[in-house]
Every structure is written in structure tokens, then in C-alpha cells.
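Step one of this worksheet: look at the structure below.
When the chains are written out, they are named A, B, C and D in that same order, and each has its own residue count from 1.
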């Protein structure tokens, strides 16, 4: 059996309609590429929108819940991982993902970007400007910035299959 | 999308050939019933045997790893959840499972049985005698004992679909 | 600076008056010996009684709370460690203690005994019978049984300062 | 018994001599004010320097270790809390502190600032510029910036004892 490729999608529990649309589209493209979508599992914001996009295109969706039960789970999550450990689960989100895409979010999302690069996981920022605070990691090529879900997918493919001689 | 039914299979990193065979059989039956198998994810003992049984019968397998990487993962795990939190992940194992089957094991497995009943999760002991220490929970009908994988499956079905008037 | 010697006292949130008295006495003796008392931090049962015994005898008390705030903390805890991770904090309880004393308790306490021996931490059972389930670890001399707080203290001293030629 | 006031000092495992000096001074001032110092516990960088400053001025020092043992602990930590959960312990650092002072650091420190404000804990940045990424929280008055340990102490006092009519 081959281990699945897992794409983590991070982002806020509240989001603008534009960011929700982008998250839905991103989820759908992750599913179409045969990857597994992993997120924070809740029925809100980027979590719900990205899971919906993947689930409606036959993708497998995994939600790493901060709660100790499933009462706040997105209806588009197929596999709930119930941690009961609040934001400490943010570490699990990034450690379990091959690549992380971070949509615009607040402190929770920033913590995930920070924990990802701390663990040498590549991060793709989708319309999320974290310059200055993360400049060191942008220069290290651990953090990439894109404008559309399509660009995010292209970047994921490049990271999964780096061209020869690089 | 319907949430999957997740059956947690706990047990030692070392096991007798008989217990390994039972774990393999249990994994295969979990897969045949369309349930997801969740375990501790390592390439050893009951974890590896139960994942192998499920994976070779087209079941989805999830491994909740104590490590912060996949170097010790069973080759039969499709979805690694990488926690990096050692035995604290035992809590996640039981919170994420609808029902836990515990095969014979040592202190790690006992901790999972204890954490399961602490969270009101039903536990099925497969050839694993924990009487006396857990008598209170056996009387509460939270812990059940069976002798074969087939009996474990029958018990799981009963717990998932309790008969009327009980 | 010398690292403190930390004695973990585990036990149920509900307890008999006799066990509460023993926990209070144990806490007082831990303080009188200059050791730090660590427990689960809540305002209930063995946790509250043992913290009270230590605090009223000028001992330092540390509570490893499962909650993400201090609303349920014992008033006898001086240093709250706020984990927000539910029973996953049981691992921290045992890893942080040099020696664990387990008073009579339920599944939570059993999980702590199991996690302790899994990590090779010595456990002293104070009027808490876990024979059969833990026989292997009793034989390995990782689990000891005593009847009174005074005997527990004597056993702690023996474990901290093992006699020569043993 | 009164709960102690706990000041969390975050910062990198590597630091410039100037930041090390500031961390030592900060630790000493925390001790002189009768507060408890809490940090990440390791024998490196800001962790070691701040613990040294506090310990050498008779302060109580608590280290929340990411490791499952004390092999990398600072010799200036009196109370090691051994988590065995890697960076997931960053959550515990901030939840357990009344106020967090963040010295210059990398992704780990940024994750702690993010987790702190996510939990509404006040953060004081000591010569650590996180503008832009954290502007929202600076405007909410959750993040404050200072240039010297003395200014940090003054800010801590203001946060602990807010003046009337504000």
C-alpha cells in the first residue's frame, strides 16, 4: 500500500467570501489530483469550505479536531481525528501534512505556519501576506506565495516532483 | 458525506504468533465490513498485523504515530497522523475511535483501555484478561470480552446497532 | 541550582474519607521532606486533599491541569500548569515526577499507573490493588504496594537512595 | 495559598550576546519582583540565559521541556515539567503564563506569540519586531513592544495592576 499524499489546508474559522471560494476551489483541486485533504475539521470558515470542495469531488477529507468530541465537525469531513487538546493539535496538522497551504487567517493560522517551518515543512501562502515576520523562511524557500488555487496546485506539484538538477 | 465508522485496534508492539494471527484476521474483517481501521501506526506487533489484514482487504488504515516523523511506520498504513507527542497520542487513539478492540498488550495497551473507558468509549478485549483492575467498567458494560476476531466483529455490530428494547 | 525532587500523587476526583485523609497526610509528609508535590491540580478528591496537606506544611505544589484555564483549580495549588489537553496531560504527570504514588482511583488513575511503568517510572500503590493486570510490572519491581502514607514515604526514600549492593 | 504569578519568557535556542544579556537581566528582575519564571527549559539561548538570571537571584524557575527526559535541561531550571510532546508544549508555555515576554527568536517563538494572542494572553515583545503579521493584535492591545528588560518589567506591572479608569 502506498502512503497517501496529504495536503494540509489551514485558515481561519472566519473568512471573506473570496477566501471561502478560493478554499472550496483549492479543496476540489486537491481531490481531483488524488491527494488527501487535511484540515482543522471544524464547521466554519476555511476548514468547512476546503473540506466541502474536496468532499464534493470525491476526495478523502481528514479533520484534526481540537475538541474531545465531534459536535462542531464540518459535515464534509469523512475521517475525524479527535484530539481533545485544543490548539496543541496545530502541531499535528503540520506534522501530518506533506505540504501546507495557508489561506488568510488569524493567530491560529500564523501559529501553524510557524510550526510548519519550524519542522521544515514547506508552506504555500494563498493570498496571505506574512512578510517581515517570516522573511527568514521565505528566503530559505520554505515559504512560497501564490494568488490562486490553481497556482497553489502547480506549486504543490513542483514541490512533490522537483525538477532534475535543482 | 457520511463520517466513517472507525474501529481502533490496540495492542502490543510485541505479540505472540497467535495474537498476531488474530490481529491480522481482525483487520481483514474490519475492512470487509467497510469500517476504517485506526491503530498506533508502527511497524511492529499488533499494529503492523492488524494494518496488514485491513490493507490487504482494501480497507482504509490510519496510524496515529507517537513519533514526529514516519521512519517507523507500518508499510500497511495509508494515512499517517504524525503527532510527535509520544504516549500522549494514546488519548487520540481512543477519542478518534467509535469502538476500541484491545488485543493482548502491556502497559501502553492498558493505558488505552483506561483512557477509553474514562471517555465512555466501549472496549472489546480480545483474549486479554483485565479483570479485577477494570471490574467496575466490566460491570458498567463498557468493557466486553471475546475469544476470536469473529466474536469481536459480532460484538462491534451489536454496539453499533443496539437491538430495540434494550 | 539543584533540580527539585518531584513526587507525583495520583488518585481519583472522588475518594472515600479514609483515602482523603491518607492523601492529606501523604501531602504533608512530602512537604516535610522537602520534596515538591505534583498532581492533576483540580479542586476535587485526592488532588485537592494531597495539595492541601502539602500546602499547609509549606510545601510547593504543582497542578497539571487538563483544562485550558484555572477555573477548577484546587486552592492549594501554587503553580498551575495549564495544558488544555484533557487526559493527554496524564503523560506529563508521570514524565515530570521522579516517583509516582497512586491512591485509589478509577480509570484515569489506572491510565497514569500504566503510563508511568511504560516510561520506567517507579509507582507506589497506596491502598490500591492492581494485581493481575499489572503483575508483570510488580514482578519487575516497578510497582510497589503500601498501606499507609508513612510506608509510602519510607519506600520513596529507599527508591531515591537505594542501599549499596543492590 | 496564593497562586504564583508566572511570567513566561520565550525566545530562541540561539541568540545574540545582546539578547542573551537582556534575557539574563529580565530573568533577574522577574525574580526580584517575586514572580515565577517559566520557559522552554532547554540548556540553550534565551531559555538558559533567562533561567540563569532568575535562579541567581533566588527566583523559582520552571522549564516546560519538549523532550521526554531531562537530558537537555538548563542547569538553572528548578522545576522541570517533562512533556515529551515536542512543539505541542508551546501551547502549555503560553496557557500557563499570566504574561508572556518574547525575546527575539525564530519560528518557535513566533508560534508562541501566535498561540498566546489566540488565547487572549498579553504578550510583550522585547526587541522583537513582528509588525505587519501581528498588526491586528497590536491594535487590540494584546501585543506590546519594549526595548529594555526594565521597560518590560514596567509593562508587566501595568498589566498586572491596571490603573483605575481605564
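The definition used in the following text is that contacts are C-beta pairs under 8 Å (C-beta built on N, C-alpha and C of every residue); 3 or more make two chains touch, one makes a residue touch a chain.
Everything numeric in this text was worked out from a predicted model, so none of it was measured.
Asker: Between B-C and B-D, flag the pair that has more C-beta pairs in contact.
Answerer: Looking at contacts between chains, B-C has the larger number.
Asker: So which chain is the furthest away from chain B, centre to centre on CA atoms?
Answerer: Farthest from chain B by mean C-alpha position: D.
Asker: Using mean C-alpha positions as chain centres, tell me how far chain B is from chain C in Å, no decimals.
Answerer: 29
Asker: Please compute the C-alpha centroid of chain B, do the same for chain D, then give the distance between them in whole Å.
Answerer: Centre separation, chain B to chain D: 41 Å.
Asker: Mind pulling the chain B residues that touch 2 or more other chains?
Answerer: Only 68, 83-88, 91-92, 119 qualify.
Asker: Where on chain A is chain C touching in the complex?
Answerer: Residues 68, 83-88.
Asker: Which chain A residues qualify as touching chain D in the complex?
Answerer: Going through chain A, the ones touching chain D are 85-92, 106-108, 110-111, 114-115, 117-119, 129-134, 136-137.
Asker: For a test of understanding, state which residues of chain D touch chain C in their complex under the given definition.
Answerer: 1-4, 6, 36, 55, 60-62, 64, 68-70, 73, 75-85, 88, 91-92, 95-96, 119
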